[in-house]
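Presented sequentially are two complexes of subunit A, the first with subunit B as partner and the second with subunit C.
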Partner chain A sequence: MANTETIPVTAQGTAKKRKRLSYSIWFILPAFILYTAFVIYPTLNSVNLSFTSWDGVSDEIRYIGFDNFVEMFRSERVYNALKNTLILSLSLVVLENIAALILAILVDQVRWFKSLFRSIFYFPVLLSGIVMGFVWAIIFNFNFGVISQLLDRIGLSDWKIDWLGNPNYALLAIIITTVWKGSGYYMIIYLAGLQGIPPELNEAAAIDGANRWQRFRHITFPLLASAMTVSVMLSMIGALKIFDQIAVMTDGGPGFATETLTYIVYKVGFGELRQGYGTALSLMLFVLILIVSLIQIKLLRKREVQM
Partner chain B sequence: MTMHTKTMALSVISVMALSLILSACGNNNAGTTANSNGASSNEPANKEVKFSIGATGDPATKQAMADAVAAFTKANPNIKINDLSEGGSMAYLDWLKTKEAVGEFPDLIEMRDTQLFAEAGKIAELPQEWLDLVADAPTLNDKHYTAPIVGAFPHGIIYSKKAYEDAGVSAEPKTYDEFLAIQEKLKTSGITPLTFGGKDIFHWGFWINKFFMDDMLADDPNWNAKRTKGEVSFTDAGPMQAMTDFTELFTKGYVEQGWASTADNQTASMLVTGKAAQLFSGPWMFAQISQADPSFEFGWYPVPDRKGRIIVNGTNNLQGWAISTAANEDADKQAAITEFVKFFFSKEQYTKFVQAVNGIPTTKETITYEASPQMNRVLEVMNDPNTIKSMQINAFWGEAQMPTQWRNWFYKLAQEWLTKGDFSADYMKKADAEWDANVKANAAAK
Partner chain C sequence: MDKVKLRIEIIMFIAALVLAVLFFFPVFFSLISAFKTNGEILRNAMSLPSGLYLDSFKYLLTETDFPKAMLNSLILTVVSIVCMIGIIPMAAYAIERTGKKWTNAVYVYFLAGMMIPFQVYMIPLFKEMKTLGLYGTLTAPILIYISGSVGMGVLLYTSFIKGIPAEIEEAAAIDGCTRVRTFWQIVFPLLGPCTASMVVLQGLGIWNDFLMPSLVLHSDQRTLIVEIFRFVGELASQWDLVFAGTTMSIVPVLIVFIALQKYFVKGIAAGATKG
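Moving on, here comes the complex of A and B:
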């Protein structure tokens, strides 16, 4: 009955609409208040703080105009962090997505224990970044780590590398750890994309004589474009915000070798007692994420294929 | 009343009721503070009181502190202590600052960066009852903010007796050159001379401050103040010599290869497993080493400077127990915390604590405990009138205060030149520039 009921466009109908609207407002209001208090207000307030010299401890806050921004653009340390952020982000986006795509194809094609493999590859995603950072820091440890001990046992001690203590390898160690942790998540996105491709497309291509690579190149890959848009964008945002692994594994070091923008925001704001400057840096990070995300959406959407 | 009006009314009443409940919670809190302002009660109340503690240290110190808290709460069941003590690898200042930012600043704090938090109004002047317990509590602007938990620890070489014997080393060095000769002998004998917990930023302070004290601070305790005024520079002969000597420990291969990823708490293992012959650290490590291997034989000595002087970190400074301003304004909390501090410094409890951490007592009441041979050597050095007692660069206060944020930044700079292998005056120019920028930033924040 309810489905067939029609509401006449009368004064009574308008009243009902108003009633619905007022209900909606009451439902939305609690979430709106909380979101405003804990997200919107702090975000807007950070713009305000970025123009101050607040140390994060004192009760008094002084305005210093654009000094924080001027210092930021003149700082070698910030450019180094920006460079590290870009290296890390590009490497992670490429490696995580390649690894995720390979895992997704393997899991999709495997005949037995599909769920088991899916769970195994997804498992690292469930681990906390901090815990995983500690585990990998132990694995990479020069003196007591698994890799070093293995090399010692097979008589290749000279091949030992101080992964986290050498500026040439520390960033690589973080990339390895993050790819290991993150790929499973993106695998699920690709897997969903793969399972959405009608099998008859591949069957028809096979009948027409297309080999595996040709089927992947001309059917699977183009049809995964929307999954790739989401996956690449999420991995890029995740990489730009990477924090846990750096905090636990290298503390931004050795020296400043693995400091990223997110980490420098924390170090400057909390460790060096410059909350105002740290907030200015966080605004720059926000703008960077926004620009990169918009460019990505623009570029990746172009190659999406509608079925 | 229509259904719509009823619902509206119910919603409004619910929201108001919730607000009142929340306000009531707030008022209750505010009421406690208002009632207690300034009314310092000395009577140990029987009603339940809660306060939080924040402290740091090596595993032995943390355990000794946890034992003190457990013993106190057992004896005072009405007082609940929330032990927030730092447990990760984060620098203590970062941790404390983060706690402050999230509104969890401890009520009773082991304070290290006293001037910073005192000037920000986060810690209060100590109650007289606390000061009556300790022998020497230094002042900041004529006010007492901290009661020293233990006397300043001297750093020195903790060495494996077996490694020394194998390398043919039979006597302590009398000069820094003799110390370097020992390093060569150890290296030649096939053992890595020194382990170094470079993964933990605080560990850098041990060696760096040894050289800063030898070449700058012992002879000129006003060096920091002069640096702030621009009268001296890190590119001067003293600081350059200090950091050249420090760097050479690494470039000459005396320090283990994996120093950057060795944590401070792994150095004891490095020593007892024979991966390294020595460690430069303080007496708090003795317990850790003995626990790691009770049969391991080791000794301790201070490293002399080039002139043969023994200069150690030994002057009492502003570090110690502090009470937060908020806790001090709450009479019940203040009384409970004072009870804890009295308990902590009581003869029986404090003896256990200093014995566990191999500490130098700071109480007015004489404390004696059975010290290990290594600790006896420490006490011998500290009681020797020829020993020059100085302070770490970050421990000075007043005009001579180092900009707080400069310390860890400089340690990271040292990591950078060590990993790149290109130490030069340019790095020390950067140290000057950062110091000046930090001074300027701190002044702007006040």
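Moving on, here comes the complex of A and C:
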């Protein structure tokens, strides 16, 4: 008796469950197929290609074992690119975050035209790196550029610098352009952090006689820590991926002065038609980004536990 | 006391103003230069245009592939976005509402893609597109854009769907509404703000993209940004023309930004704090 009653219920339960399962599969499947075919498969295939001497054009793909990796670790050019990548990333993380924090505080505190300021600081984020890289290349131009013209006008022609033609300054020019273009993005993150701080805390501290700096140092700044973790990590990953500005402003030059890991992958793979070697280099970039991402996840978890 | 406060506020305002001028200058510079002759730009880059010189625009629109490139960019952006919105919210909805072990695994699998930069898989992808016979078609970049946005899109939508109560959907299911109809007619309209953020952020990313379209498209299918890049190389001495081109790429972005400002900011804040 008890048995006959329970059977239909379970049967109905599994049918319902199966129906639920089947709709989920159909909803997820298109995204799953595309993502697997055009993100995961080529990523895995890059491991395969990195053991070949493929040129990117011919049908024949020859396996050469670890030759690409051996060449990579022996190459001066790769070490130079790694060095440029590290200089670029570290300077950008520091400068973009300082700039973003200053911008966020100004936008948060300023009394007039708050949203107009926010829009102006944020707008460069939305523009193409190619387009704005070109505009900045002209601002930096030695003969006719805006900076040179300004220096000429105030009689400081000796101070003119061939920004993009001088290996000592080219990377700096890329850094300036990127800070200008990227800071607004991180500003939004800090701004969200600032607006999440309850105003009572600052009011209470003000009543207790804390001045603006003390309030910033002991209330605002510690409470921005999680926004800062996110912003630092995103700017780090962003810096490792920079491509457009370099392509349009210096093409990796002069010499190899602005060649980064991202750029060398492109140059070797599509400029010099050594795509096997290019994929080997791209795996190095991937490992670098993976390390940064894992550190990020770890830091964020730790912070969650503390809170 | 009030006097000190006012002084601090004025100092802050001036600081913001100076920075705003610095930040806006490159955009302003490229907009004014588009209306100047080459000679004017070379003589005095900072001056305002002496008249409304429109020849560069006329030249670009009649003598070059610029209009075609703009059309290509528009097609790529619109089609990719429509497909993304047709695919990603459904996947995110199923993942969030099913809440089983396997959907969690799929979720993690999708999110992992956010850590893979395009440069890592671009060479094998390029090869794959050739094998599939898609190299040199507009389909290739569209498929790549949709696939590349799955991670970020699923992240945004699942966190948004979490905040929507499931009761309405359950009521619809009892009334005999199919899952697909329930989703599109009841759930999807509630996702408006999320969809708006997705459309503006991804749309701009596609509009501005350079590397991928420069690799998988033939020369007669250049997008706007690829065309501008070619100008910079070819017309290196004709800054007036290049500036007209940059202006034509900036103005649509400016218009979209002014019209849909709040969604840009919301999308970033959501993506950043959850990511």
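Please note the rule applied: the second predicted complex is superposed on the first by the 282 of 307 C-alpha atoms of A that agree within 3 Å, B and C clash if a C-alpha of one lies under 4 Å from a C-alpha of the other, contacts with A are read in each partner's own complex, and residues count from 1 in each chain.
Heads up, the rule we're going with is that a residue touches a chain if its C-beta (ideal position, glycine included) is under 8 Å from a C-beta of that chain, and two chains touch if they have at least 3 such contacts.
Owing to the predicted nature of the structure, the values given are computational and were not obtained by experimental measurement.
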Going by the contact rule set out at the top, does A:293 touch subunit B (first), subunit C (second), both, or neither? second
Which of the two partners, first being subunit B and second being subunit C, lies in contact with A:254: first, second, both, or neither? first
If we overlay the two complexes on their shared chain A, which of subunit B and subunit C does A:164 touch? Say first, second, both or neither. first
First (subunit B), second (subunit C), both or neither touched by A:108: neither
Partner chain(s) touched by A:58 [first = subunit B, second = subunit C, both, neither]: first
When both complexes are superposed, which of subunit B and subunit C contacts more residues belonging to subunit A? C
Quick check for you: in the superposed arrangement, does A:274 touch first (subunit B), second (subunit C), both or neither? first
Look at A:150 in the shared chain and tell me whether it touches subunit B only, subunit C only, both, or neither; answer first, second, both or neither. second
Should A:142 be classified as contacting the first partner (subunit B), the second (subunit C), both, or neither? first
If I apply the document's touch criterion, which positions on subunit A are contacted by subunit B in one structure and by subunit C in the other? 23, 56, 137, 144, 247-248, 270
Which of the residues in subunit A come into contact with subunit B in the complex? 19, 22-23, 26, 53-60, 62, 64, 137, 140-144, 148, 160, 162-167, 247-248, 251-257, 267, 270-274, 276-277
Contacting residues of subunit C [partner subunit A, same complex]: 8-9, 12-13, 15-16, 19-20, 22-24, 26-27, 29-30, 41-42, 44-46, 87-88, 90-91, 93-95, 97-98, 100, 103, 106, 110, 113, 115-128, 143-144, 146-148, 150-151, 154, 179, 183, 204, 207-208, 210-211, 215, 225, 228-229, 232, 239, 242, 246, 249-250, 253-254, 257, 261, 264-265, 268-269, 272-273, 275
Going by the contact rule set out above, which residues of subunit A touch subunit C in the complex? 20-21, 23-25, 27-28, 30-32, 34-35, 37-43, 45-46, 48-49, 56, 102-103, 106-107, 109-113, 115-124, 126-132, 134-139, 144-146, 149-150, 180, 184-185, 188-189, 192, 212, 230-231, 234, 237, 240-241, 243-244, 247-248, 262, 265-266, 269-270, 275, 278-279, 282-283, 285-286, 289-290, 293
Which residues of subunit B touch subunit A in their complex? 4, 7-8, 11, 89-91, 93-94, 97-98, 100-101, 116-117, 119-122, 198-199, 201, 256-262, 266, 269-270, 275, 404-405, 408-409, 412-413, 415-420, 438, 441-442, 444-446
